[in-house]
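For reference, the structure is listed below as structure tokens.
In order of appearance the chains are A, B and C, and numbering begins at 1 in each one.
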Amino acid sequence: MTATKAPTERPAKQGAVRRPGDRIFAGSAKGSGIFILVVLAGVAAFLISEAIPALTAPAEDIPGGEGLASYIGPLVLGTLLAAVIALVVATPLAVGIALFVTYYAPRRIAAALGYVIDLLAAIPSVVYGFWGLAVMAPALVPFHEWAAEHLSWLPFFAGPTSASGRTMLTVGLVLGVMILPIISAIAREVFSQAPALHREAALALGATRWEMIRMAVLPYGKSGVIAGAMLGLGRALGETMAVAIILSGGAGATVNLISSSNPSTIASNIALRFPEATGVGVNTLIASGLVLFVITLAVNMLARWIVNRRADFSGAN
Amino acid sequence: MKLSSKPRATALALALSGSLALAACGASNETDSGGTGSGSGEGAELSGNLVGAGASSQQSAMEAWQAGFQGEFPDVQFSYDPAGSGAGREQFIDGSADFAGSDAALDEEELTAAEERCAGGEIFELPNYISPIAVVYNLEGVDELNLTPETIAGIFSGAITTWNDPAIAADNPDATLPGTTITPVHRGDDSGTTENFTDYLHQAAGDVWTAEPDGVWPLQGGEAANGTSGVVEVVTSTDGAVTYADASRAGDLGVASVAVGEDFVAPSAEAAAAVVENSPAVEGRGEHDFAIEVNRVTEGSGEYPIVLVSYHIGCIGYDDQETADNVKAFMNYVISEDGQAAAAENAGNAEISDSLREQAQGAVDAITAAG
Amino acid sequence: MSTATRSASGTSAPQDTVRVERRLSRSATVGLYLAGIALGAGLSALTGFAVTSTVVYGVILGTLAVYVTSRAVEGRRKATDRLVTCLVTTAFGIAMVPLVSLVWTVLSKGLARLDGDFFGMSMFRIVGEGGGAYHAILGTVIITLLATAISVPIGLLTAIYLVEYGTGRLKRGITFFVDVMTGIPSIVAGLFAFALFTLLFGNDFRAGVMGAVALSVLMIPVVVRSCEEVLKLVPNELREASYALGVPKWRTVVKVVLPTAIAGLGTGVTLAIARVVGETAPLLITVGLITGTNLNPFDGRMATLPVFAFYQLTQPGTATQAFLDRAWTAALVLIILVMALNVVARLISRFFAPKTGR
């Protein structure tokens, strides 16, 4: 009975039978989605209500004494710098790793290799922080000096170099390592799901392995890679402890990546300053959190616009 | 597909039984020491909760106090959140903490709010944790260093850039100072240590150091690191670096002696306790409020002026008997010689002097329920 | 390779490639690569020998050697293929460097206290040396499981909605805001949970569940995003086949779509857990830190491994080494925990994955 009714309601596309179980399931799925929106609205409302006192406070009450914009400005720059370095370093590497694990590594050890990369995701950010401070920063000092010598015509490497290596560059690289497993795990998943028929057809036509990947795998996995990169970017923008431990921050706005005076990032600044903050200071920090929220919003809008210029290529549409 | 439900159920059962087995065995140090056997006769009377929150600078001292206190009163559930001084004061005022640990005394606004929170409208502030802040340096071949406040201010403001600067050499005629560049390292986080250090520079070297005291390092740029561990780590790994940190954490690094009057005084527990004892109280405070203004420009011999004073802030009158008894018992232990010695051993801070103890004892004795 | 003639340089006509099979043998490519590295070592020795420069020069030269030779012998297409192989393998190699370094650092510093006491004792009445993280390990496990129990159903259902049901503005809105949610700084999530619970239960309420909610705010978007990507990849043919057999949509989703994607879902959930298990700031604000054991997540403060490790590292007492040892061991245990979860997730996904030829 229901089967005869269904086609008249929803022709062709909705092939399945409609039952009470369907309505419950669909309802709970939709409900979960709406619930997430409610939670996010809650977070936004909380941020805005707590940030308002800082927005309305006179400039001299804001820490630093020069108003909200000059307090948050350098932090925004620092946040973006660190996240962009991380993304630029991690995305190509992650795609390479994902391809290696899915199509290049010997079949028998491929799963184990993927697992080994996942290990990177299992390491808590505090550990990344102390590793970055104790191992990565000193190891990068020679590179800092080399960059200052040969690349000083770029404003990013103007110098003078930091003696300890605890710079924006180091932080960006550590963040890159941190988001590597996130991007590569998702990229690996979508690459391995590329339709076998397409791949075999490409190979059968005489394509080399790389040509097969370029024609059958990469277009298929593109949206997944971008999604992974966005997840990684979110992590890099919001990363707190590792940046707080490694970065020698707190200076004004500068794009110089290799000196010991760096702008801090929003999240690490909140972590470092929040415990001892009082009064308007707390509101100012939460206002900076709101700004980070808005940045994430803007970044995601941009990414979505890029992805949507070409329609998603997925099995479900 | 039907088969799949069985292994799932097995896995769940396994996971459940595993967690139960874990839960059943318990922590070995808790099961045998707790209960009635080990506590002294007096201790068995107290129970319930005791909640503190605040400065993380006190954390390791608090561990020692907590261990000692719970040895005496095993039935009291004690917790201390090292969430930060500001958070601690806030939690005390809004009633979610019974007492606060704070690197700064309450300001006027907070004082009013705190008095409203307490039954009887009276609070106590006891300077129970005193820790000397050392100027710590890493310089090859220089084991002893004397610095005047002006020189310290010059180094940290960037006016003095090399170790063989005439200003440093003048105070260290016997040392062979290398021409190494000075890397001053400051705290990147908001901290009581920075506030006390900048307060010292502001008061003792006001001509060179023009910035106001602040928990956040007031100058732009320079090498910053997170927490005492962070600054010590950076100084340890960088030749020519200098920072300010709890004296107990200096380890193998050089510790500078600071000019006090005509002498140079090295940081020590005694010298730190001495300067606190001789510092004036903040005016206009209640009977049991021992907030002090540390005398940074002291000329007294054997006094070391760069100290961090961290307070315990609580009510003289609590709404219920249990809380009052617990706070009273805990503070009694903290200011006792045993308590101070235990903290000093674990945290390396300075023990409070007898006269400070006497003052504090008066406040602790006054703690009651519903005053 | 020495036998290859130079005549085949450049691209040959398509009909030739079918017939002409000039190939570099496997040993030849490896040999070329090694030669490049040896040259790199020589170059590095000119500027004062160092391992880093040897590896950097060597990898570049090795890649170049393989590419140029292959280009000369096998033609452009094969050469590009070899170049990509080199690059992809190098990418993997680069990722191994920080991994090995990290694991070595944590192992060398953390093994000192990886003993029975660490798993059997809490820090209750422990001053200075000794003690363990029994309380923190259980606290982390309980809070993380609770957060997973909150996030996975919500996240998975949302992903199902987005892929299977969602249409129009609501779908676009949810997808977009889930992405935005990934950018919430962890400390803000903590503050939000704290504000929410104090609003509901009063100022002095503290419980493990607060931390679980804070972690869920961070975890949900990761679950949704990774599950959504995986579900999207389930071929439509499977769904259509199921519908054609008269199976209702919800049963199609539960019995066909989810099992097909289970491996990816497992990875997604594991990633999400790994994302939050090391969080310090939100847990400190919400669940605090205690020295004893509390197994009830609905009442009272709990200790957790990251907070425990953080304070052992940053606020050590005079017996500094004991504190540092505990901190690194806590970090090591945290990693082992996540690895164990990872294994479990993989076993589960292998268990439930449909048997296919792939």
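Please note the rule applied: a residue touches a chain if its C-beta (ideal position, glycine included) is under 8 Å from a C-beta of that chain, and two chains touch if they have at least 3 such contacts.
Nothing here was measured: the structure is a model prediction, and the numbers come from that model.
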Practice task
Between the chains shown, work out who touches whom and classify the graph as line, ring, star, complete or other.
Solution key: complete
Practice task
Just list the two chains that share the greatest number of C-beta contact pairs.
Solution key: A-C
Problem - Mean-CA-position distance for subunit C and subunit B (Å) - result: 38
Exercise for the section: Between subunit A and subunit C, tell me the centre distance in angstrom, where each centre is the average of that chain's C-alpha atoms. Expected result: 13
Practice task
Indicate the residues of subunit B shared as contacts by at least two other chains.
Solution key: 56, 83, 87, 226, 230
Practice task
Mind pulling the residue numbers of subunit A that touch at least two other chains?
Solution key: 134, 274
Exercise for the section: At least two other chains touched by the same residue of subunit C: list those residues. Expected result: 313
Exercise for the section: Name, in rising order, each residue of subunit B that touches subunit C in their complex. Expected result: 1, 4, 7-8, 11, 19, 22-23, 25-30, 33, 51, 53, 56-57, 59-60, 63-64, 66-67, 70-71, 77, 79-83, 87, 91, 94-97, 226-230, 248-249, 251, 342, 345-348
Handout entry: Parts of subunit A lying in touch with subunit C, wherever the complex brings them together
Key = 3, 15-19, 21-22, 24-26, 28-37, 39-40, 42-43, 46-47, 50, 92-93, 95-97, 99-101, 104-105, 113, 115-128, 130-131, 134-136, 142, 177, 180-182, 184-186, 189-190, 193, 195-196, 206, 208-211, 213, 223-224, 227-228, 230-231, 233-235, 237-238, 240-241, 266-267, 270-271, 274, 286, 289, 292-293, 295-297, 299-301, 303-304, 312, 314-317
Practice task
Using the touch definition up top, name the residues of subunit B that touch subunit A in the complex.
Solution key: 56, 83-87, 89-90, 103, 110, 183, 188-192, 215-217, 220-226, 230, 233-234, 237-238, 240-241
Exercise for the section: Under the touch definition given earlier, write down the residues of subunit C that touch subunit A in their complex. Expected result: 17-18, 52, 77-78, 80-81, 84-85, 87-92, 94-96, 98-99, 101-103, 105-106, 153-155, 157-158, 160-166, 170, 173-189, 191-192, 195-196, 217, 220-222, 224-226, 228-236, 239-240, 242-244, 246-254, 264, 267-268, 270-271, 274-275, 277-281, 306, 309-310, 313, 331, 334-335, 338-339, 342, 346, 358
Problem - Residue ranges of subunit C in contact with subunit B within the complex - result: 117, 120-128, 131-132, 134-135, 138, 141, 198, 203-204, 206, 255, 259, 284-285, 288-293, 295, 300-301, 311, 313-320, 348, 351-352
